[in-house]
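Pasting the structures here.
Shared between the two complexes below is chain A, which has chain B as its partner in the first and chain C in the second.
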Partner chain A sequence: MYNNFKYFIYFLLLIFIFFPIFYLFVYALFPNFQPANIYSLLNYIALSFDSGTVKIFFETILIGLFTSIIAGGIGLILAILLEYANLSHRNFFKSLLFIPFLIPPYILTFSWMGLLGKRGTFTEIIFQNIPINIYNPFAVIVFLSLSYFPIAMFIISLGLKNIDSNLIDSGRLSNRKRVVRKIVLQLIRPHLLIACFFVFVLAISEYTVASFLRVNVYSSEIFAQLAAFFDIRRAIVFSLPLVGLAILLTGSIHFYFRKKSFTTISSSSRKKVNFINLSKRQKAAVYSFILFVLLFSLLLPIGMLFIESELNFFDAINSAKIQIFNSLLASMSGTIVATFLGFFTYYIFKNSKSLITLISFPLAISSPVIGISLINFYNSLPIPIYGTFWIIVIGYLVRFLPFSIFIFSSFFPQISPSIEESAKLSKSSFFKRIYKIIIPLTKGGFLSSFIIIFILCFGEVGLTQMVTPPGFQTLSMRIETLMHYANYSYVASLSLFFLAIIFFAYILHSWVYRE
Partner chain B sequence: MKNKKTIYLESKKLFLGIALAVAIFLIISVFLFGTPKEEKKVIVYVSHDQDISEPILKEFEKSSGIKVEALYDTEATKTVGLVNRLIVEKSNPRADVFWNNEVIRSILLKNENVLQPYCSPNANDIPSIYKDKDCYWTGFAARARVILYNTEKISEKDSPNSLYDFTNPKWKGKACISNPLLGTGSALTAALFASLGDENAKEFYLKMKDNGVSILESPSMVRDQVVSGECWLGSLDTDDAHDALVAKKPVIMVFPDQDKEGMGTVLFPNSVMMIKGAPHPEEAKKLIDFILTSKVEEQLAESAMQIPLKANSSVPENIQKNIKQMDATYEQIYEKLNVSSEFIQEVFLR
Partner chain C sequence: MSELIKLENVNKRFNGKEILKDISFEVKKGERFGIFGPSGCGKTTILRIIAGLEKPDTGEVFLRGKKVSSSKAFALPEERDISFIFQDLALWPHMSVKGHLEFVLSNWICEKDRREKKIEEILKAVNLEGQANSKPEYLSGGEKQRLALGRAIAQKSDIFLLDEPYSSFDIDLKAEMQKLFLSMHKKYNLTTVYVTHDIFEILNFCTRVARMENGRILEMKKPREIVRKYFDKLRI
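Up next, the complex of A and B:
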């Protein structure tokens, strides 16, 4: 039974993730499927990368690198402080600091443009005589870091929770700096690296922020190949370095950690330890830092959205009722499918991490290219998927399955293999073991995956607009359209409504998972 | 501490709940999207603004009894998403009709073998320059590229009346245009290349760059920045300018280069076409016939200041007649699309 199920999961991954993208790459690169074309293909690839493209590629890598360093750094500091420092209301701050991740980067950027952009409130009122320019790569790095630090914090926190508290207790004989440096940082290296990796690939494949700030990034080059030149082949060729980079990075991470085990938890050693005892002054500094981060990533943008909305909520929501329903339907379906497939993929391949890391490669491909690969593949199949909303669900699966797999990778190690082994010895069936042992013990993973995938699906726009069937529009598409029609009042109102929905989902998650 | 049995029962409840939710979702989605209904319908891809095209399609639905399933492009990807999609779909077409908000990509689709000729009887009174000679696409209701300037920033005696004003040092850092790589911005660039010749057009754009012209994402953003005074003058389409004029903002719209020696401006008709292998060909023809009626042109003139092209359509008073156009056919403009886009990408966006 287990083997049959394993092959079924193989089949699902092939049909949903690998085939569509592989098919497009082969279709675009070898149009006649002739190996003899390899020289002309290599020549074509070489000619595609002129000095301008190469320069933008490296600039984009730098943007991704700095974003991952800043977001990873903020995430690391906050995660350690909120896990180990003697601060009050730590869970409240954790929840609050996660909220900026609920705001899609384009909405965050839109609200910052409302403050500091050319039409900005602050620009007009406060900075009239100060030359302030947010239309540059540095601003892209800042806004992306403000959007992505919560995901880094979340991933690192999961790592911190897995550290055996006995190790920290024994380390407390030494000073706290040494505990952080010699124990905590050593043990959460995989989580820190994976957090930085996720932020990096999200940053290099994101182009809406750069587009708003008029910065040309590599994903915009790919978009331009489709938008201005209708050259799908070149767009695919331009995607190759990003895919190569993602595979190289995931491969390196896997290689680096191949013989190391960083999971130290056992059921008796999971307890809270406060080994960072801060003085009053230090506490004040930490609270100021948290407030500073919250101010820039959450309070100012949301405040700005309120101002820009001109309190047009009722009209704006009324005009987008269908899109709201569609968004809920597509996002919830995508969330359910991605969570369950993520769960089973991790369960089946937990000992083959290279395969899991390989699944992460679609993260580095820009949304329009994934959209075209899905259309190209599913439009040629005789099954009625393309043209229905299920194609959006599959798109969400391709984009967000790695997140679900990663979330489960943090929960599975907490299950002692002996529990399942004893169930096997008592002749429990595979599904019974899953249903009665594994699922109950990874309940937290399911809840985390549901909320995070839902948020990501709900905010997705680039891929959705490429594959959406006729007559089907989501809320994020509606917001994007209104943004370009410069209907800022409706954009802000709908963005706030949008945030209210995902905030509600998040609160629900926090309530269910309060233990 | 909860005992194991309680945790197990709680988990069981939770996952039974999830399983129930999954089942309900699947049932709802199958009912909503999965069951093919035996009804007359037509699938139309629309790159025209949704708020303007949707009422027209609803009217067709009402008058013909044919259900319209429309797919709209977002402003950011205007024509781009849909054109790429039509190209990728051509082996197994899903759409019946494409209502494009311009013409140049319609020529591209014809060359990509995506279209099927259909000579609508309602296109007889449309001048031949606005339609394909083999009926692959038919133009109607055009927009013109115009200049909009802010009257609080620029006095009437200084008013710009030529695209060359964007290179005038007097307006250094004060002018803005929509992205010349996308949408009608790219069509204007290609038109300038076709009309002025490559070298002159390149020189013109280099001078604009030196003059600090800002590139904004869409014509509607150009309009808003001119209205707010952040840009003093901007190049955009008549329908975008129309919104500001209707709202009585402090702006004036000018058709550029209309004097005797002027190069003229460029008109971008909407175009409608039938997709090769359309799943609902008869319904597609009915929709195309409907879109090509004078009533629709007049409606577009009223709602979006689009210039009627049919001889039988009445032209509202606020719309300028006899607009001097650039000396280039749409096919010539299409031929210049790649070279002009490559130049713009190299000079402005890198």
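Up next, the complex of A and C:
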């Protein structure tokens, strides 16, 4: 039974994740399944990649790199301070500092544009004589860093939690000053790398922030080929460098993790250690830093949304009832599918070296490429999936499955293998073991996955815009459309409603976790 | 057929390191067979191979006269009908004492009334009547051990594998648990393979012992002979 089920999961992963990407290559090289004339193909590629496009590609890579360095750096500092320093209310700060990740980057950028952008009344009133220009790649890096540092902090915190406290204690006894540099940083290198990888991939996928700030990025070039010029073949050819990049990144990650532990550094001793003893002055500096980060990533943007909304909540919500329902339906469906497939994928691959590839490959594929590959693949199938609601659900599955697997990867190691082995020996069937033993013991993972993936699906806009069928619109798409019509009051009101739903899910998650 | 367990030339390697070398022995019905040796000598791997939790690289394993592991055939753990008491006991943290027994009994007793009766009987046998609704985290070390024993009994298997089950206990609790297990052994007519590195447990519990070192069985004798030789070796 287990083997049959394992092959079924292999089949699902192949058909949903790997095959559409593989088909993208095939379609680009062999249009209509005929071997393309190699010269005409090369000419086509050479014509497509003019110097401007190549420049945009490398600029996008640079934006991704700088964002991952800045967000990774902020995340690392906050994670170490909140894990090891003698600060009070650390869990509260951790929860609060994760919230900026729940705010979609385009909402954060929209509110900052209200403050410092050309339409920004504040720019006119307060910064009248100071030339502030936020329409440049540097601003894109800053806003993306403000959105993504929490995910880096979260991943690094997981690594810190898994460090055997005896290793730190022995370091403290021998050389207290070098514990962070020589022990902690060395042990969390895998998590730091994964954190930067997550941020890099999210940053190069994200094009709404860049388009708001009128910066050309590679993902928006792909989107433009599809949405503006209806040129699917060129969009596919444009996707190839990103697929190549994904394969390169996945290969590097796989190579790096061959001999390294990804989920747990050590589990023998997990007691909390507070070895960074800050003086009163140092504590004040740390609290100021936390407040500074919160101010720019959370408080100011939300405050701006309130000001710009002109309290038009009811009218705005009334005008978007269908989109709210669509968003809830698509997000919930995507969440359920991604969570269950994530659970079974982790369960089957938990002892396999392929697990890291399974997490990193779909994650490394940026959302426009996922969009193109899904459109290309399901468009050519006789099954009516393209043009229906289900293509969005599949899109969410491909995009967010790695997150679900990653969440389960921090819950499964807490179950001793003998717990399942004893159930096996009691002659229980595979499904009985899953239902009665494994699911109840990983219910925390299910809860986290349900809520975090729901939040991610609910905020997704790039992929949704590409694959969505005619006549179907989600709330995030509605907000983006209103933005183009310059209806800022409705955009701000709907964004606040949007954030209210996301915060509700997050508070529910924190509350159940405390229980 | 008097031997219930039989291993023939079993070999096992992990990451290129030889863990078991040419292991062969048989355990007769009703025997309390001990495997004694230092940590890391491969004792637990033998139990896991018997239970089907590991596959041997070469060699054969027979249970109740039937081949269950060989280069061609391999019976899954759930098909072997074996009770295993793990070193960490492997209790299910989300289930009550009664839930543990219910989970195992539901595999072979369909009627609820009969199952309830059986649960009561087992709880009485392992002195856990007052703790039926408690979860493992609220049980003492001895109670947890009795629950692991009760769960193993509920399986109705005649083969028991014990992997250093009392290693973390003090001497009084160890004696109490061994006494309880001996009574269960007699009552349910069990055949046991008992793994330990504690020479006194061997002396008190086993009828025959295999002494291991570096993945090999060095000798198989009566416990007293093994103990005598062992103490001679330790004497300075």
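FYI, the second predicted complex is superposed on the first by the 446 of 515 C-alpha atoms of A that agree within 3 Å, B and C clash if a C-alpha of one lies under 4 Å from a C-alpha of the other, contacts with A are read in each partner's own complex, and residues count from 1 in each chain.
Following the convention adopted for this analysis, contacts are C-beta pairs under 8 Å (C-beta built on N, C-alpha and C of every residue); 3 or more make two chains touch, one makes a residue touch a chain.
Remember, it's a predicted structure, so these values are computed and weren't measured experimentally.
Enquirer: For chain A, which side has the bigger count of touched residues, chain B or chain C?
Expert: So, of the two partners, B touches more residues of chain A.
Enquirer: Tell me which partner A:471 touches in the superposition: chain B (first), chain C (second), both or neither.
Expert: A:471: touches chain B, not chain C.
Enquirer: For A:428, is the partner it touches chain B (first), chain C (second), both, or none of the two (neither)?
Expert: second
Enquirer: Tell me which partner A:419 touches in the superposition: chain B (first), chain C (second), both or neither.
Expert: second
Enquirer: Counting only touches as set out at the top, which of chain B and chain C does A:386 meet: first, second, both, neither?
Expert: first
Enquirer: Of the partners chain B and chain C, which touch A:440 in the superposed model: first, second, both, neither?
Expert: Both partners.
Enquirer: Have a look at where A:481 lands relative to chain B and chain C in the superposition and call it first, second, both or neither.
Expert: Touch partner of A:481: chain B, not chain C.
Enquirer: Considering only the touch criterion stated at the top, classify A:226 as touching first (chain B), second (chain C), both, or neither.
Expert: Touch partner of A:226: chain B, not chain C.
Enquirer: Mind sorting out which residues of chain A both chain B and chain C touch, each in its own complex?
Expert: In chain A, residues 436, 440 are touched by chain B and also by chain C.
Enquirer: Looking at the complex, which residues from chain A come into contact with chain C?
Expert: Touching chain C from chain A are residues 416, 418-419, 421-429, 436-437, 440-441.
Enquirer: Give the list of chain C residues in touch with chain A in this complex.
Expert: So the residues of chain C in touch with chain A come to 51, 53, 76-84, 86-88, 90-94, 103-104, 107-108, 151, 154-155.
Enquirer: Per the contact definition, I'd like the list of chain A residues that touch chain B in the complex.
Expert: 52, 55-56, 118-119, 211-212, 214, 216, 220, 224, 226-230, 232, 329, 332-333, 336, 368, 372, 375-376, 379-380, 384, 386-390, 435-436, 439-440, 443, 446, 465-466, 468-471, 473, 477, 480-481, 484-486, 512
Enquirer: Quick check on the complex: what are the chain B residues that touch chain A?
Expert: 7-8, 11-12, 14-15, 18, 21-22, 25, 28-29, 32-34, 36, 43-45, 49-51, 69-77, 80-81, 83-85, 87-89, 91-92, 94-95, 105, 108, 181-182, 186, 215, 217-218, 220-221, 223-225, 228, 230, 338, 341-342, 345-346, 349-350
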